Structure formats: C-alpha cells, structure tokens
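Notes for the one structure printed next.
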Amino acid sequence: MHIGIIGLGKMGANMRDRLRAGGIDVTGYDRNPGLTDVASTAALVEALPSPRLVWVMVPAGSITTAVITELSALLEDGDLVIDGGNSRFTDDFTHAALLAKTGVNYIDAGVSGGVWGLHNGFGLMVGGSADQVARAMPVFDALRPEGPREEGFVHAGEVGAGHYAKMVHNGIEYALMQSYAEGYELLEKRDDLIKDVPGIFKAWQRGTVVRSWLLELLVKALDEDPDLGAIEGFVEDSGEGRWTIEEAINNAVPVPTISAAIFARFVSRQEDSPAMKAVAALRNQFGGHAVKKAD
Amino acid sequence: MHIGIIGLGKMGANMRDRLRAGGIDVTGYDRNPGLTDVASTAALVEALPSPRLVWVMVPAGSITTAVITELSALLEDGDLVIDGGNSRFTDDFTHAALLAKTGVNYIDAGVSGGVWGLHNGFGLMVGGSADQVARAMPVFDALRPEGPREEGFVHAGEVGAGHYAKMVHNGIEYALMQSYAEGYELLEKRDDLIKDVPGIFKAWQRGTVVRSWLLELLVKALDEDPDLGAIEGFVEDSGEGRWTIEEAINNAVPVPTISAAIFARFVSRQEDSPAMKAVAALRNQFGGHAVKKAD
Amino acid sequence: MHIGIIGLGKMGANMRDRLRAGGIDVTGYDRNPGLTDVASTAALVEALPSPRLVWVMVPAGSITTAVITELSALLEDGDLVIDGGNSRFTDDFTHAALLAKTGVNYIDAGVSGGVWGLHNGFGLMVGGSADQVARAMPVFDALRPEGPREEGFVHAGEVGAGHYAKMVHNGIEYALMQSYAEGYELLEKRDDLIKDVPGIFKAWQRGTVVRSWLLELLVKALDEDPDLGAIEGFVEDSGEGRWTIEEAINNAVPVPTISAAIFARFVSRQEDSPAMKAVAALRNQFGGHAVKKAD
Amino acid sequence: MHIGIIGLGKMGANMRDRLRAGGIDVTGYDRNPGLTDVASTAALVEALPSPRLVWVMVPAGSITTAVITELSALLEDGDLVIDGGNSRFTDDFTHAALLAKTGVNYIDAGVSGGVWGLHNGFGLMVGGSADQVARAMPVFDALRPEGPREEGFVHAGEVGAGHYAKMVHNGIEYALMQSYAEGYELLEKRDDLIKDVPGIFKAWQRGTVVRSWLLELLVKALDEDPDLGAIEGFVEDSGEGRWTIEEAINNAVPVPTISAAIFARFVSRQEDSPAMKAVAALRNQFGGHAVKKAD
C-alpha cells in the first residue's frame, strides 16, 4: 500500500514513521521545504497509485479546509481523503460534501496519543462509510497500538463521528487532568502532615482505583521536579475542550467537571481577574471590608 | 427598656446608636477602654435592671464562647442572652445549654446589613423560644428596618435557627456577588463592542430582572472607579460561606453556585496555583506542550 | 410620534400599550388576524409617516431574520428598524448589514422586565449609532421605567452591544435564581430546625444584603404556595443563557455560577441521567456496590 | 509472622486470604459467629504472639472507635494497631493518643482496590512512625500488588497521613468517574451520529490519553449492558468524598471537579429538586413561564 500524508509536523512525521515501520509506503508533503518529500500537493497526488488515499494532518480550521479544497480539485472519483487532524466534527460535514462533488470519499479520524504515539501507537476513532473504513484498514492497523484492534480503534459512525468521539475524548481528558490536579493541591497544601507527595502518586500506580496513564505521566513529572517548582500554573486550552462545552450546551448535557476544567485554565492565564475585582469592590461597599490596592 | 451590649466594634457601636435612637437605654462594654461605658462584664451586669437582657456582639468562635461562659457565671435565672454575632449555628446549642444550667435564656440572632445597618436598619433572623423572642421584641423592632416587621425580621425557629438562616443568607450572598462579577467580566472583556460597562449596570437598576441592592452597590463602586483599576481581584472569605458548604455536604444539598463562589475567592488569593502547575506538567508530559517556566 | 410594531404577542402587546400610554401613536402588525391592526407588513409600512420607525418584537432567530428581510424590501433610505426581541447579538451584525444596503438604519434593543414591564417599565439596553439612538429616544423614554433615564436605559455601544448586554443580563439572572434556589433548599432541608422558610425569605426584603426584585418574586411565590408543593422542579432554558456560556468560552471568561445554573436546568428536565447511570455502573464494577435496578 | 484482623466483612476476609497466601498467619475476629476464627476480641489478643499486631478492618466512625477503645484495654506496651478502614484522618489523632496511653503503637493505612484487591493486591497509603511502619512491612508487602514496592505502597507521613492520602484518592476517584460519565452522556445523546458508544470506550483502552483502570471497568460494564438500561442513575456517596470537600474548604483549596462530582450524586438521589422548584416558581413569577404541575 502506498499513501500520501499532507502535513509533516510533530504528529504527521511520527505517523509517517509508524506507517513505514508497519510496511506502508508513504509520500509526504509539507509546505516547509525542509520536511517535504515532494514539491507540491499536485506532485503528491501525482505520485500516488490510483485509487489514491491521502491522509491530511494539518492544523484544524481554515488550513485544513484549504488543503481539502485544494485536494478536491486534484483528486478523482474513487479517491479517499482522511482528515486525521483535530478538526471540529461539524467541519467534517462540509469537507465531505465538498469532496463528494467529484466522487472523492472522506473519513474523519480522531487521533489520540500525542508524542507517545510513535512508539505506543495512536488511539483511533473514525467516522465514514463501512466500505471506505474497510479500505483504509491497513493504514489504521499500522497506526493503532499493538493488541486487539477494538482496544485501539473504533468505527464510531458515519462522517463526523470520529472527530465527535475525539472531541469528547479531549473533554474527558481535561476533566481527568483537573481531577488529579485538585488532589495534588490537597496533598501539597498539607505539608505539615503529608511528607511525600510524589511518593503518594507513585504508590497509586498499582492496585488503586485511580491508576491511569495520566497518573503515570504525573509520576514522571514529579520525578523530574518533585514540587513542580520550575513551572508556572499557566495552562493553555485548545479548541476541542471548548467545542465539548458548546456541544454539551447544544444537547442539554450537564458537564460540570469538564467546564470546571476549562474555566480553571482560563483563570490560570489571567494576570488579575476582573470578576474578582468586582467581588472585592462589592464587599468593600457593603461591609467596609478592606480591598487590596492595585500597585 | 434598658439592655447591655458586649462588643462595641463597628457593628456593636452602630447597633447601640440605632437602639438608643429607638428609645432603648443601652449600657455597652468593650475590652477596649476607649470604647466601653463600664469597666467590666461584671459592671455591665450590675448596671442592668433584672431580668437582664445582654446582647453579645463579639467575634464568632472562641471569643463568643468566652464571653458567654463569663456571662453564665454572672447572670441569674430569668436573664436573657442574645448572640447577635456571626456564630456558627452549631455553637448555639452549646451556648444555650451552658446558660440553661443557671436558668439563663438564649436567643441567636443573625444580623445582616453591614455598615449600612445604622441608617437602613438591620435585617434580623432569630432563633429561640416564642416567649423569649416576644420579650426581646422591642430590641428587634428598634434594630430592624422601617416598614412591616415581617419584611425585616423573622422568628425562624428554636435556638440555632437564626444563625442557620444567616449562614444561608451569606451563602446566597456569595453566589449573588459572583453572578454579577461574572457578568462584569463578560462585559469588560468585550471592550471592542461594549463602550459603557458602568452605564449598563446603572441601567439595570430599574425595570430589569437583575435589580437588587448588590447591583446598586456595584453601580456605586463603578461610579467611584469605572474600570476597578484601583483594586486587586483579591477576595477574603469568612466562616459563613464555608459553613454553608459544610452544611450542604452534611445534608446532601447540591450547591454548585455557592461553592463556585467560594472556590473563586480561594483562587483569587493564590500567587500561583499548585493544581494548575500539575495540569501544566501533565500537558507537557503527554503532548510536549511548552510550559511557562517559573522565574 | 407614530411608529410601527411587528409582533403583538405578550411582550409586543404590552409594549404597544405602554407606548400609547406614553403618547406615542402605534400601528401594530401580527400575523394572527385577531391581534393585528393592519393586514400585512406592507400595510404597516404604508401606514407610517416617513422616515419610518419599526419596532420588531418577534421570536429570535429565523423569524426575526425573515421579518427583517421582508422589511429590507419595503423600507426606504433613512428609515429605522429596532429589533427589541431576544436576538443573538451576532445576528445583529447580519441584520444591520442587510438593512444598510438600502440605507435603512438599525438599532438592537435588549429589553428586560417580563410581564411586569407594562406597569413598571422595561429596562432597555441599546446598540447603534448615536444619531439613531437619539432619534428613537422618545420611544425608549416611553418604554423605560419612571425615574432617571440612566437607571433604566443605556446606550451600550454600536450595533450588537444592546443584545450583548441583554445576553449577559440573562446569564446573570440565571445565576441569581440558582443562588436563591440553593439557599431555599438548604433551608427547606432542615425542617427539624427551620420552622418558617417563607418567613425567612420575606424577612430578607429589608435591610439585608440579599434583597432584590427576584427575592420579592420568590416571596410572592411562597405566599401562594409555601412549600412549592404544586409545581415540579422542571425548568426550561432559553437561548440567552446558552449563548452566554458560548461567549464566555469564546472570550476565555470563567463563568462557573452561570454554567452551574444552566446545567442544573438541564438536569431538572431529565427523567434519568445517563451520566449517573455510568457512575453507578462504575461503582458497581470496582466496589461491588449495589445498583438500583431500573424498572 | 502471625497477626490478628478484626472485621471479616468483604474487605477484611479478602485481606485475610491475601495475607495467608503471602505466608502470614492470620487469626480473625468478627462479631458475626459465622465468620470469626475466635470468640472475642480478648480471645484474639490472647491468640497472638507478643508484641502483637492487630489490623482493624471495621466500618469507620463509632464502630472503629469502639474497637480501638476495646483494644486499648487489652493490648500491651509495644503492641501495634493498624487501622485499615476508611476512617477520617482526624480520627487517627484521637485513636493514636488513646492507644499511646498504654504504650500501644498506631498506624493508619488507607487501602484502595475494592473487590479486586484479593487478586490484584491492595494499594496502600500508610501513616505512622518509621520504625512501626518498618515492623509491619511484611504485612504491607503481602497485601500490596506485585511489582516494585513504591508503586503500590507509600509511607506518606506520620499518623493521619495514610488516611488523608486515601481521602484525597477517593476525592480524585469521584471526579474521575464523573469525567467519564459526562463523556458517556455526550456520546449517548448523539445517537443520530454515534453508532457505537461501547466501542468508543473500548477503543480508548490503548494508545489514548484517557486510558485507565476506571475506563476498563466502564468497558466491562458496557459489555454487560451496552446502554446501561438495567440500572438507574442513582448514586450513593461515602464519607471520604464529603471529607475531601470539607478539607478543601478548611485549607482554601479550590476543588470544582470533586465538588461537582459529589453534587451530581446528591442530585441523582432526589425524587424532585427543591432548588429547581424554586427556580421554576421564580420564572413563573417574572415571565409568566408555565410551570409543570406536580401530580
């Protein structure tokens, strides 16, 4: 099998390596001349056997749309595009419709695993028609972790289902991280009583209810920096967490932990909180409580 | 009527003034020689006609307990102690039992109104037996706001009910303040679109669903400092908010807004968040996401 | 002054009445023949003196867009459309642009006050250009509550600012309601201690920090049904609360109380919670904890 | 080594079995005649070699206190009591002080693993002096999971630290469960798009960021009942989750996800929500919005 990949950033390059290690021929294109195998998208399309399979691995949003638009003009009836990026599932409907005009097929693939995916394999959630998913299965099998296929891969539904599942995955991920983080602070705060915070997380790795891969990563982080003294509590968030809240709202699903996790990240990035200024101002008004003056 | 007040801080002094303006004779004791009318608690007790009524207005917790313990030794069968401080309602049971040993009666009075109470009157929530509440009614009538008694005073139940109601009042107060504060931030953040944030709050004072006394105070604060530039978003919290959460937990009552309001205050006082350091460390581990280095 | 209103539902009819009482001539159109003054939108436009002012008061979303689209074909250069409905502020940009093509001006007006507005006046938050707002001021003055203009009316910014402010108003409103509701449950749950829950709310109306119009309404509701036994805890939500969360997410504003209020409404409408089924299933798996069997 | 266990319920009996399998002699006492090895606590003490080691595994609170009080009268200087139950860490200080009067040593051991501990081993977090912990190490080694000791066991600090760590473990556990549960509902709600909810959870077991033991249990639960149709979303909570909130409040640690998880359980057990009745009543008052009548 011989496929194309567009986008050879950290994730795309790792996937190319893993695919090749799994016996798939890969031609990659990236607009960075230092990374690409071919000179253009057109050259990539040219280089692939028909019917073609092109894996798109570029930033979600306008860049993905631009790449898919370009592909829609270059590819032919019967070809297949797989969007493996972190696209919003609602974009999948647009992208699939655009490609369908010229008979090009579409699969959306949510991919989890981060920088560890190269060695561990990538968890895959895909959406699309059964026949297209079957056709791309060698690619999925090469990318996914060792072990039973169904423990690292799912055909979640028609187009959009893969990215929807990935979006929910990331929403859960946010809340899981916040859960451990609250526990960390509860332990760290009582340094009069608790003498080995990293040791506690380490000890939770076997036998306990809270054991997980994220826990293992936290153990690793605490091994490297036992009181996390080298870093600030400043945390970015990406689209998927936000979309999760938006879908929750659209579908009337209560998501108090996922939203709490996002809001904590928002607060973590604020120099000062306008909301808490307002609360301080209010307390000062009704109770004569002293406020802390800004410098 | 002639009563005693113990504790002549900001609240106690205001209450003495309002009581005197309402025709009640008041003898006050404070351990600060510059504030007191008499030299000691014993002298205060001596100065009052029997059966005595002593209003205790000192900080909640051990100081209130110490004062009530001292009173239990000085007062006589048939006297009445009213704890008007911010005591935890569970303390009322202990205090009432202690005084009951020598036949001294007890009322707990939750008092709202802050520094505005002197002029507006104090909102009162009291707990105790019907006959004792009736006996102290002239005092309550002098302290409470003008208007129908039931709009500024309630006999909420037996001993403890007054402070329980006040605790809930303060829990609600926390959540109300946070509600307006979130709205403030939503408006302030869109300064590309919203050109008059103080004007919006001002305009909400009549006709809208969100009009309230707290809103009026926020309008006042924004009049004085339209972008709240002079103060920091650093907010203390007092016992009552915390007790509200604890009672909610004890009684299996979900209180998501009240707890959110308290947690926001906790965060507002942190230089950096241990929890968010943990989240940043986790993101760095699985995704290679850059962290912000501490200085 | 003589203006048109499109939409004579509960809110529109009340506004017509209040405008007429304020000396403004009003011609109303409603597609319900029993409510309308004229036979069609075209007839309404025909009936108004030029330059015309048409107040649109129909359901937000596609219906408002349809009405404004129709008006864009009927109105002339220099006319003015005011959207007084609960439109999303992002729709204002589209509607203003559509009308601008033929020189028709646009103001968005957020209106608060509900069924009480007829008698109390409506709180108004408007967005648009200064000259158009000035031109419509007699209408705003007739609609808004008695008292200083700035306490019931604000020109919040350019087009969109009025509905944005109204959206935030409603977000706050949700959180305020939830705040009181949590307090209600905390009081109601301790019926061993608290003997007069309605009396407590009534007593908070004067002197306390939590006094507000919503509190007065809760007092009224408890007067009519002291234990709220006649109604279910089933609560709808409207677009504005949801949009508030969405804007908070878009602008990285933490809104824990507003989101908690929305989520509580979502839960209130569920027969059973899929999420809590999952938690019950998990507890059963790891702890052998009994689950409650579905019927 | 020969130790005693008091309490042979599900957990105690499993621990006895695992200890015996690990080469530790165990004499067990339970007040249920069908479970016990000996007739009384006194007989248990009699049967053990001196210095004795007694593992207490009875319900937290008054029962644990009663057992430890009884032991304090029966044991001798140099003996050791380990409380392996789910006691509140604040009880440890009292229990240790009580036993110390007669020279009896004390260790608190938080134990995780539930019904799976017999086969997988129990995660252990212990508090106490270094020498007592060293002395009991053969017991801990027999109970803990296979693998490096520090991945299933931690000496967290002095007395109380073990149960504090276990309390935090359980707080995290609550939030983790709620996180997955919200994700479950987000998937389940979109059955128009998502065709294989159980398959998605199954596929998350390898390679993804959210893989964990709890995820595996959820996969197992969904294998048995793919739409969780057999159970109700009714979830109990135990002391440790509540204590976590209380300690968070005591130490000013924001715990929005842990509290959200607890509140969701509270709501799950309510027939109807008093708070949401209040919100419904309020909406009816200001907007004339229809309420759902109770039957």
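As written, the chains take the letters A, B, C and D, and residue 1 is the first residue of each chain.
Operating definition for what follows: a contact is a pair of C-beta atoms (placed from the backbone, for glycine too) under 8 Å apart; a residue touches a chain by one contact, two chains touch by 3 or more.
In this text the structure is predicted, and so the values were computed from the model without any measurement.
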Can you list every chain that touches subunit A and also touches subunit B? C, D
Can you list every chain that touches subunit A and also touches subunit D? B, C
With contacts counted as defined, which of the two, C-D or B-D, has more C-beta pairs across the interface? C-D
Taking each chain's centre as the mean of its CA atoms, the one lying farthest from the centre of subunit B is chain A
Expressed in ° and rounded to a multiple of 5, what is the rotation angle of the C-alpha superposition of subunit A on subunit C? 180
As a quick test, compute the distance in whole Å between the mean CA positions of subunit B and subunit D. 37
Report, in whole Å, the distance between the mean C-alpha point of subunit B and the mean C-alpha point of subunit C. 33
Rounded Å distance, subunit C centre to subunit D centre (Cα mean): 47
Per-residue multi-chain contacts in subunit A, two or more chains: 114, 178, 180, 182, 185, 189, 209, 214, 252-256, 260, 263-264, 267, 273, 275, 286
What residues on subunit A touch subunit D, complex-wise? 89, 112-114, 117, 120-125, 144-147, 150-158, 160-161, 164-165, 168-173, 175-176, 178-180, 182-183, 185-187, 189-190, 193-196, 199-200, 202-215, 244, 247-248, 251-258, 260-261, 263-264
List the residues on subunit A that touch subunit B in their complex, please. 10, 114-116, 177-178, 180-182, 184-185, 188-189, 214, 217-218, 220-222, 225, 228-236, 256, 264-265, 267-268, 272-289, 291-294
Residue numbers on subunit D that touch subunit B, as the complex places them: 209, 242, 245-246, 249-250, 252-256, 259-260, 262-264, 266-267, 269, 273, 275, 286
